[in-house]
Amino acid sequence: MRKWVEMLSGAIAVVLLILVVSCAPAGPNTSSYGEDRAQIEDLQARYLFALDSFDLDTYVSTFTEDGILDIVEYQVQGRDAIRKSLEESRSVFDPSTENEQGPYPATSRHNITNIVLKIDGDKAVGKAYWFHYGNNNPERRAEIDAYGHYEDEMVKVNG
Amino acid sequence: MRKWVEMLSGAIAVVLLILVVSCAPAGPNTSSYGEDRAQIEDLQARYLFALDSFDLDTYVSTFTEDGILDIVEYQVQGRDAIRKSLEESRSVFDPSTENEQGPYPATSRHNITNIVLKIDGDKAVGKAYWFHYGNNNPERRAEIDAYGHYEDEMVKVNG
Amino acid sequence: MRKWVEMLSGAIAVVLLILVVSCAPAGPNTSSYGEDRAQIEDLQARYLFALDSFDLDTYVSTFTEDGILDIVEYQVQGRDAIRKSLEESRSVFDPSTENEQGPYPATSRHNITNIVLKIDGDKAVGKAYWFHYGNNNPERRAEIDAYGHYEDEMVKVNG
């Protein structure tokens, strides 16, 4: 499993997501570009916090019920299937497992930058860069170790 | 002091801030999620520019008068006390001091990503990732050397 | 040419841009801070996607016709001149050229964070951090290798 992450290192990792904007409505301005973009940026940030803390309830809630997680040639559809696949790949994503020995548990951080969003009504398509740093080495030294980009398809559900 | 930064490297550094959104009002839409988020993102960016350039006037202005700076178990309350504590820790934050020898002064950069914000009226709570890179080595080589996350509490003062 | 990138590494690289917000109008709220900031963040992200994929048509479209690209003491004005200078410096910016040997082509990624924006009507000034990572080494190992900051001047053209 560790190998899989390293395979991604530096390669173009395309991740296709169907996400649900599950925030409460933000008031009367929710239909403008700025309002929608703000909600989506927040969603993307919550998605990555959930991934890095291996909080699967929150993680799958960022997908629609029939959402698709697509990592290069690895595709999973539906919240239950996505949760199951993450659980099976726990050693890849959960920093509390398969740690290199060190003075304290290693941590893992996925970051998103350069968010491009095209929004059309209740649908949005986006792309963004992601990069990963962590400290899964004996010295718990911070190091960047992988990057790629996202391609997202999003729908707005219940506001 | 240098040791303190390295201690943070890779550890979960929780920073609790009470910040003041001191921007001028942005027009009639200031009460929506998108408008508030835009102001807060700008505030967070100005906060980090001020920190990395050791511009303490601007830095303390991003806190409320009774704001709290909380770095793990290190807590300071009030603008004057925060300024004093930063001045005493200058060698930690100001890249122009305690430089490793090199062809030009070293620089220090804190970055914020993955900003999650919940906004309720004039109050907001947020979390975000931070990471730090710099070139405080003899070759002035760029290197990531620390990361953590913020937990912020914010209030909106004077618009 | 490779030397030029390394010269930037860790140095303060000031880039002065005049960008055009060429997005379609986002509805009736385009004149607020949040709406303008959202459009500008999108523009900055598209700018960097275009740069890293060496998509010069998109790249120059983010400048006004008489826009200025200013990298430290290297200044170019006008879309045609900017395109020409990028073409002449292709080996600096296009990861598909001058690659270190490796199992697949190297890639290059510029990221923007800490975006500070002051917006006044159809004009905006901004500053932000940029950093660059890539894998232009024989192992295609991810590594951060340069950073600096942007200083932008922007105008809003055709909405």
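Per-chain numbering from 1; labels A, B and C assigned in written order.
Following the convention adopted for this analysis, a residue touches a chain if its C-beta (ideal position, glycine included) is under 8 Å from a C-beta of that chain, and two chains touch if they have at least 3 such contacts.
Since the model is a prediction, treat every value here as computed from it, not as a measurement.
Taking the definition of touch as given, a chain qualifies here only if it contacts chain A and chain B alike; those chains are C. As for how the two copies chain A and chain C face one another, under half of their interface residue numbers coincide. Centre-to-centre separation of chain A and chain C, using mean CA positions: 25 Å.
In chain C, the residues that reach two or more other chains under the touch definition are 29, 32, 34-35, 37-38, 113, 144. Chain A contributes residues 9-12, 29, 31-35, 37-38, 113-117, 127-129, 131, 144-147 to its touches with chain C in the complex.
Of all the residues in chain B, the ones that touch chain C in their complex are 23, 26-30, 32, 34-39, 41-42, 44-46, 48-49, 104, 106-107, 109, 111-113, 133-135, 140-144.
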